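Given below, in the form of structure tokens, are the structures.
One chain, chain A, appears in both complexes that follow, with chain B as partner in the first and chain C in the second.
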Partner chain A sequence: MIEIDRIGFAIGKSEILNEVSAQLPRGKMTAIIGPNGAGKSTLLSLIARLISPASGTIRVDGHNVQQTASDTLARILAVLRQENVIASRLRVRELVGFGRFPHTRGQPDAQDGEKIQWALDLMALSPFADRFLDQLSGGQRQRALIAMILCQDTDYILLDEPLNNLDLFHSRKLMQVLQDMAHRLGKTPVLVIHDINYAAKYADNILAMKQGGIFANGPTQAIFEDDLLSALFDTPIRIHQIEGQPFAMHH
Partner chain B sequence: MPARRLLVMAAVLLVACGAYLSWGARGDWAFILSFRGTKLAALIVTGTAIAVSTKLFQTISGNRILTPSIMGFDALFVLLETTLLFALGGFGYTMLDPAIRFAVTLVLMTLAAILLFGTLMHGTRRDLHRMILVGIIFGVLFRSLSSLLARMIDPNEYAVLQANLFASFNQIELDLLGISTVLIVVALFAAWRLRDTLDAMELGREIAINLGIDYDRHVLVVLGIIAVLVSVATALVGPVVFFGLLITSLAYQIIPGFRHRDHLIANGLLAGIVLVAGQTLMERVFHLHTPLSVIIEMLGGLAFLILILRGHTR
Partner chain C sequence: MACRTTNAMPLIAAILLAVVLCILSIFTGVADINIAALFNDPQALWLLAVSRLPRTLAVVLTGGSLAICGLIMQMLARNKFVEPTTAGTGQGAALGIIVITIMAPQASLTIKMLAAIAAALCSTAIFLALIRKLPTDQPFLVPLVGLVFGGFVGAIATFIAYQLDLLQYQDVWMNGEFSGVMLGRYEMLWFAAALSLAAYFVADQFTIIGLGKDMALNLGLGYRQIMLLGMTIICVVTALSVVTVGMIPFVGLVVPNIASRMMGDNLRASLPWVAGLGAMMVLASDLIARLVRYPYEVPVSVVFGIFGSAFFLWLLFSRPAHAR
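On to the complex of A and B.
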């Protein structure tokens, strides 16, 4: 479980998060949704100890992320932010192999090779495994980064807009993989996501944020409701049930 | 494959060293070997320090074009030395044991580098343009302050310092060689122990933290190592701007892959080869008509221009 307790964060004088408290259940996929500037990415970065909060505490699986050693946390949670500029000239397989770093400290063994191949296959990267990162398209590079995160094999997987640059096929595939990991392996994926219908289809739990605070937090069916989503995005949204799934019409 | 290339480079370095020691030697071998041997050791020690510090700096700043010298590290060293001379006066400066003087400058240098460049790299985003700009401003600031102080110092006293502050591979400050070698070996050993961590750090702050690296602390540690290496090299031969860039660029071309275990060694070997072979040619073939530093700076400057024009700024 991820426990967020009265978290405050500010950049200069502008307040990004104000006394945010929430709990994200273990073994379920949570989607963080909300308008631009709601503080979604900031919250994700705080959970992943990429930045430090001004106040409050966050616990992942009982570990206080501010106080736990970074290499211990790296075996519990993995995070991928939106923009990643990589200076080294790496091949895809080498990048994915870095996912094993927290476990082996740069001394890979045979088991790591299997894990790397598994992650490459999962993201359909085997044909490009020996290419350099700068020879890939934006979507392929994004998949390579996600493969590295999956290769890290952590219980908590935090992804900031992972569908960026991905086409329909790979978006669907990624969401299925993550859902499967939650339901079958008991992992806890947490995704910041803009396409609310992907959230509706695959997430078990929704954390809706607005203006630096929690707007709503609960099971997907409870959140996907006309008035709630319309108020969240300040846009008229109607929810239709299509084949037993909520589908948000917003244009 | 990197292992074989490293072995070839090591062999080339040995040949270069052999040539430097024996070429045109006449007379008492014991004297020649100790005389040339000391210079040879100094060349290798400084070359390695400059090249490895450049590689380390490129890793933590996430690009392949910036060097500690471009960012004003050695200008900072010159400023500290000049300030020391200004504060102590020529007599005090010369009376001070060179080792103690060196130690004082080194401590100040490390603190200043961590303070200045640590804050610069501490931000969550590493902006190359901002770094280049700040580096240029720092460099100009440090150099202007040094020359301001130089004008205020009695010219006779300044001459004491001046000899130290011109880049020269012919007149290496041999009295500092012993302590310098010790410091450089310690700093290189520290860098070598971090080799796997450095691989992860090169991926950028966020990915490195994700992989369990205590990134912000390690940046300060690496800056400390760089400060020691640059101080020692500058104290021995004076400021050299483009040599490090020349060597790291060569190493990127020769050594495939990203691993610091290969690149750290390659940088050390290449630096030794270029300096020792270059100095041999200068002394034996061109009879010291052109200082080696001029030629190396020219080649390094060319490499810098080519890198910029080809857009290899990341």
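On to the complex of A and C.
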């Protein structure tokens, strides 16, 4: 479980998060949704200890992320931020292999090789495994980064807009993989996501944020309500049930 | 595509080339030494032990360790176009020596060395702090800031040296050359080389640092410790080589970039090649520097500077925006 307790964060004088408290259940996929500037990415970075809060605490699996050793946390949670400029010329297989670093610290064992191949296969990267990152398209590079995060094989997987640059096929594939990891392996993926219909289809739990605070938090079916989503995005949104799934019409 | 490390051919070719270059270097010089003389002429043997061999070793050690330093600095700065002698580290070391020479003219070489290391560390820390504010999508800003900053630190050193009539003295450190290398006057380079070889044990950590701070934190790396370790290696090696043979620009820039093109930036695989290539390229430059107007010498930094800057310009202009 991820326990967020009265978290505050500010950049200069502008307050980004104000007294945010929420609990994200273990073994379920949570989608963080909300308008631009709601503080979604900031909250994700705080959970992943990439930045430090001004106040409050966050616990992941009972570990206070501010006080737990970084290499211990690296075996519990993995995070991929939205923008990743990688200047190094690495082969895809090498990059994905660095996902094993928290476990074997540069002394790879046989199991590492299997894990790397598993992650490459999941993201359909095997044909490009020996290419350099700068020889790939934007979407392929994004998949390589996600494969590295999956290769880290942590219980908590935090992804900030992972569907960036991905086509329909790979978006759907990634969401299925993450859902499967949650339901079958008991992992906890937490995704910041803009396409709310991907959230509707695959997430078990929704954390809706607006203006630096929690707007709503609960099971997907409960959040996908006309009035709630319309108020969240300040846009008229109608929810239709299509083949037993909520589908948000917003244009 | 690129050469594979599993293929033994490039390795064998490289070792053969290295042996040839070393032999050439040992037998090049004003006094004529041939192999036969080594067995019956004690004077030739003495010359070899006191001058020729130390010089060749100094060139190899300097070239290898400066190339590794360049690579580490590029990982820390996350930019392919910086190196210690263009971004303020070398200039900082020179400034440190000049200041200590003025403040304590009688100071031992060790004290001078420590002053050079301390000043190089300050200068490098300021540079790395400066470039942190630069946008990551404009990679050429980083070397530009480095050139301006390095020029600024170098200008302070030159100004002080000019005011106190120490320009000739300063020149010794700013323009590297190996003609003064003799037994007993280059041994500190062994320490520099050992330190840069130690980088091999944290090669993965340096590669990860090159992926950025967030990625390093995600993988549980002690970001600050590795940054500090990298800076220490860069500064100590640069300062040692500035004090011993003087500044040799572009080695740390050109060599890692060639290696990066050939085999990528996974340091565990590329570090030995970077070291070897650095040693061989500086050795070749030193040979040219000794032969181009024989029996006189031109500074090796001039030779490498000419080839190095030409290569750097080629690299800047030929680099495709994004190879697909």
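In the analysis below, the second predicted complex is superposed on the first by the 251 of 251 C-alpha atoms of A that agree within 3 Å, B and C clash if a C-alpha of one lies under 4 Å from a C-alpha of the other, contacts with A are read in each partner's own complex, and residues count from 1 in each chain.
The criterion applied here is as follows: a contact is a pair of C-beta atoms (placed from the backbone, for glycine too) under 8 Å apart; a residue touches a chain by one contact, two chains touch by 3 or more.
Since the structure is predicted, the reported quantities are computational estimates derived from the model, not experimental observations.
Asker: Putting chain B and chain C on the same copy of chain A, do they fit or clash?
Answerer: clash
Asker: Who does A:247 touch here: chain B (first), chain C (second), both, or neither?
Answerer: Once the two structures are laid over each other on A, A:247 reaches no partner at all.
Asker: In the overlaid three-chain picture, which partner chain does A:135 touch, first (chain B) or second (chain C), both, or neither?
Answerer: After superposing on A, A:135 lies in contact with chain C but is clear of chain B.
Asker: With both complexes overlaid on chain A, does A:118 touch chain B (first), chain C (second), both or neither?
Answerer: A:118 sits against neither chain B nor chain C.
Asker: With the two structures laid over each other on chain A, which partner does A:90 touch: chain B (first), chain C (second), both, or neither?
Answerer: It touches chain B and chain C both.
Asker: Taking the stated contact definition, name every residue in chain A that is touched by chain B in one complex and by chain C in the other, in rising order.
Answerer: On chain A, the overlap between the chain B and chain C contacts is residues 48-50, 69-75, 78-81, 84-90, 94, 98, 101-102, 105-106, 149, 152.
Asker: Enumerate the contact residues on chain A facing chain B in the complex.
Answerer: Going by the criterion above, the answer is residues 48-51, 69-75, 78-81, 84-90, 94, 98, 101-102, 105-107, 148-149, 152.
Asker: Can you list the residues on chain A that touch chain C in the complex?
Answerer: Within the complex, chain A touches chain C at residues 48-50, 69-75, 78-81, 84-91, 94, 98-99, 101-102, 105-106, 130, 132, 134-137, 149, 152.
Asker: If we count contacts the way the header does, which residues on chain C are in touch with chain A in the complex?
Answerer: 1-2, 75, 78-80, 136-137, 139, 203-205, 207-208, 210-212, 214-215, 217-222, 260-261, 264-266, 268, 322-324
Asker: Once bound in the complex, which stretches of chain B touch chain A?
Answerer: Touching chain A: residues 58-59, 62-64, 124, 195-196, 199-200, 202-207, 209-215, 252, 257-258, 314 of chain B.
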